[in-house]
Amino acid sequence: MGHAAIIAGQGFNGVSLASILLLTALGLALSFGLMNVINMAHGEMLMVGGYLSFLATKMVHGPLAFPFALLLSFAGAALLGALLEVTVIRWLYGRPLDTLLATWGVSLILQQAARSLFGAIGVEVVAPHWLEGSVSIEHGLLAGLSMPYVRIFIILLTVAVLGLLMVFIARTRWGLYLRAVHQDREMAQALGVNTRWVDLVVFSMGTGVAGLAGAALALIAPVTPTVGQSYVVYAFLVVIVGGLGSLFGTTLAALLVGLFSAGVQMFTSISLADVWLLVLVILFIQFRPKGIIYQRSRAMKEA
Amino acid sequence: MKKWSALSLDIVLLAALALAPLYLSAYHLSLLGRFLALAVLSLGISVIWGWGGILSLGQGVFWGLGAYVLAMHLKLTGLAPGDLPDFMMWSGLDHLPAWWKIFEHPAVAIAGVVVIPTIAGGLLAWLVFNRRVSGVYFSLLTQALALAFSTLLISQQAYTGGFNGLTDFSTILGHPMIDPGFQRNIYWITLGVLVLASIACRWLTHTAFGRVLVAIRDGESRVRFLGYHPAAYKTIAFAFGAMLAGISGALYVVHVGVISPAMVGVIPSIEMVIAVAVGGRSSLTGVVLGTLLVNFGKDWISSAMPEMWQLAMGALFILVVTALPQGLAGIPGLVEKLVLWSKGKREAKMADQPAIALVEKD
Amino acid sequence: MGTPLLSVENVTVSFNGFNALDGMSLHLMPTSIRVLIGPNGAGKSTLLDTIIGHVRPSAGRVVFKGHEITRMDEYKIVRRGICRKFQAPGILDNLTVAENLNLAARRHRECWRSFSVGLNKEVRAQVERVLTLVGLNDRKHALAGQLSHGQKQWLEIGMVVASDAELLLLDEPAAGMSHDESAQTAALIRELAKQHSLLVIDHDMAFVDQLDAPVSVMHMGRMLREGTLEEIRNDPQIAAVYLGRVKEVSVA
């Protein structure tokens, strides 16, 4: 395998990691931009999505099993997110650090629940037949490069979700509400937008997408009670780098983090890659403390 | 009046702790000792969170730095001259790295315990706060730091002992560590350090520095427009908290005789926060009580029903944050409010509540 | 003509391509009042933001007491003697009135000089003086959050005064005040002008009239006209600028 193939391979891995990170970070970034709230149990939505997809493939067989798994993991995580918003987050409005801690408590409970239900050892989701195998390049510059179908599928799924989300925000009535509340909550309220519903819908949609991420992740790695924890910390970094509530910024940040991690791993170990990633993020905020994309608005200006 | 009752609570608590060797079994005394060591860390969290409004989810890092520095010293003093720690030999190292060697001298080790976490904490805080990144962002960064720190420790097997960490210490400053008399002495020393740390925190929070810190917590930009530089205040506060964390870590190592990555990562770091939240983030007495309570509770629950601890901790987080944001220290205030309310005097009392009304506000 | 205390020279500030300030200039003499008026979005608040260092201009400069302060950090500018009152009262709700003023009155705001307990005599005297000045003596130990709206405004003016700044920037000091309160505020500002320079933004022409000071009209991020309130009122161009607000100007 030539250098070019190795680099291309790591690039491909980076993009596929970035896809999962992006699916995880989208919900975080949206609700953070909207409600100034970080949900520490967001990683567990990933975990729930993974387990739901495992259950779905146990319940249903045949060609519909996998689409059903995706649907179930989205719906289940979205429902759980809605429940979380209504029972905990809504009551802590304007106290972001307390929300952090309370949702952390939720995350611990969900992890333990998963451990009791499914055991500490991971469960495997078998990918459907049509996702077995990989694209292999035999000749030329990239000879030896192999790209598994599952990873390609994850990347495509992410692109699709991103596209749908963009259409949702730009074209639908709820998307308009979202943008209005994001820009000026009080004004939107005064104009008759039910901000509570907007918060709820956006939050639960975000957790639903994280559930999808979990289902996608289940295709390439076993689902464990702590699977969410290992991804969500990077997703948090993506949110920090991406800036407040901007899909474009979040996407760019996810690609940056994913490619950086994959790139650094060519030269050093995975654990050192973690350290370098953190150093990169801290350096990054020296230059762009508000993230890649930062919309300066009049509302933010007032101290 | 209020001041006196608070002071008398402190005195009762101190007396109970000072007399503990008389009425506690050796096992429980050793537990109490290590929890008092953790209380030193809690005091630091209280200053940075309760007063400064900075929530660190990575205190385990600074605690771990102090702990590892002292553990390195203990490891070295237990070796015959020219020997290497066992895990270094297994990993094929043939000589002691210089940054290990320097901690052989006890004075250097003690200085390292205090200085290294302080500088690390101060540096991180400055880099972040000076760019006006704070609040939730800072909490997330500290959590990422805790994750990176523990994975780094695990991966650098040859230098850190990897997953198993550092253990098998025999003597400290020439004293054998398993001796029961030594256990008692180390209890006294821990209590003494805790009292000193507590006095330092009380002093700090009563200076102009403490006032400005509270003001920054409640209205950072207002304070900036009065000519203060918030990042400087927050950095000093955070470095102070990191210093107490380092000292706490070192004391803990002496008590338990082991330090490993599992003790400094994301989960332990958040457990450090819950102890403070339960006690009351802005009550220096409360956080000491909270630390003892949570840790004894943890010890009890995890020996009786191991799988329950995580559930209990999760429930505790939700409960404290939603129902009792001022922790145990908030209970007297709540009771008082309730009594006053039932007497219909609520209005009158509202006018002179203490200056530090400690509900988070952004 | 002496040298101005503050000179804003050709300052341009843009947000996402929109020029909130567009070649704005202004000069302010020591111990004087200047009132800034102009329609919404004229750039009045942005001008104060720029002077205090909260917003960095893309062109032009700001000179205070002969020193350029254009790209300095806010806290350094404040330490040089400029203090600002915000539109929405920027007081610390969880501190008492006296504590708010203490914070503003402290002479040593550097971190390393803050490790002392108690207040020195000078600061104490300053706080007492300001309490009397803004008429909050009897609410001294009340939490700032529990003051009435007018009292909050006065407390913040008091904080700005207590900081001993030479230049005070007041953004709508009389907003939301009753007629009497706003008259008192005007008297207070005239009193302050004996020792300080003040740059005051306000929409309320009755209030502006009571200040009895030269008026600068801003429009589209630029200085449109300077003069007495009387001259401004009679200027047809200004009436045109205000469009819907013509009535308000002429009635006042």
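Order of writing sets the chain letters: A, B and C. Residues in each chain are counted from 1.
Here is the rule we go by: a contact is a pair of C-beta atoms (placed from the backbone, for glycine too) under 8 Å apart; a residue touches a chain by one contact, two chains touch by 3 or more.
Every value quoted in this text rests on a predicted model; they were computed, and no experiment measured them.
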| item | value |
| --- | --- |
| Chain-chain pair with the highest tally of contacting C-beta pairs | A-B |
| Chain located farthest away, centre of chain B as origin (C-alpha) | C |
| Chain centre separation (chain A, chain C; CA means) in Å | 46 |
| Chain A and chain B: spacing of chain centres that average the CA atoms, whole Å | 32 |
| Junction residues of chain C, two or more chains touched | 54, 86, 90 |
| Interface hub residues of chain B, defined as touching at least two other chains | 221-222, 225, 361 |
| Numbers and ranges of chain A residues touching at least 2 other chains | 303 |
| Chain B partner contacts - residues on chain C that touch it in the complex | 52, 54, 73-75, 78-79, 83-84, 86, 90-96, 99, 102-104, 106, 109-111, 114-117, 119, 141-143, 146, 159, 163 |
| Residue ranges of chain B in contact with chain C within the complex | 203-204, 206-209, 211-212, 214-215, 218-219, 221-229, 232-233, 236, 350-353, 355-357, 361 |
| For the chain A and chain B complex, residues of the former touching the latter | 32, 36, 38, 88, 91-92, 94-102, 104-109, 111-112, 115-116, 229, 233, 236-237, 239-240, 269-272, 274-275, 277-278, 281-282, 285-286, 289, 303 |
| Interfacial residue positions of chain B with respect to chain A in the complex | 53, 55, 57, 124, 127-128, 131-133, 135-137, 139-141, 143-145, 147-148, 151-152, 154-155, 221-222, 225, 266, 270, 273-274, 277, 307, 310-311, 313-322, 325, 359-362 |
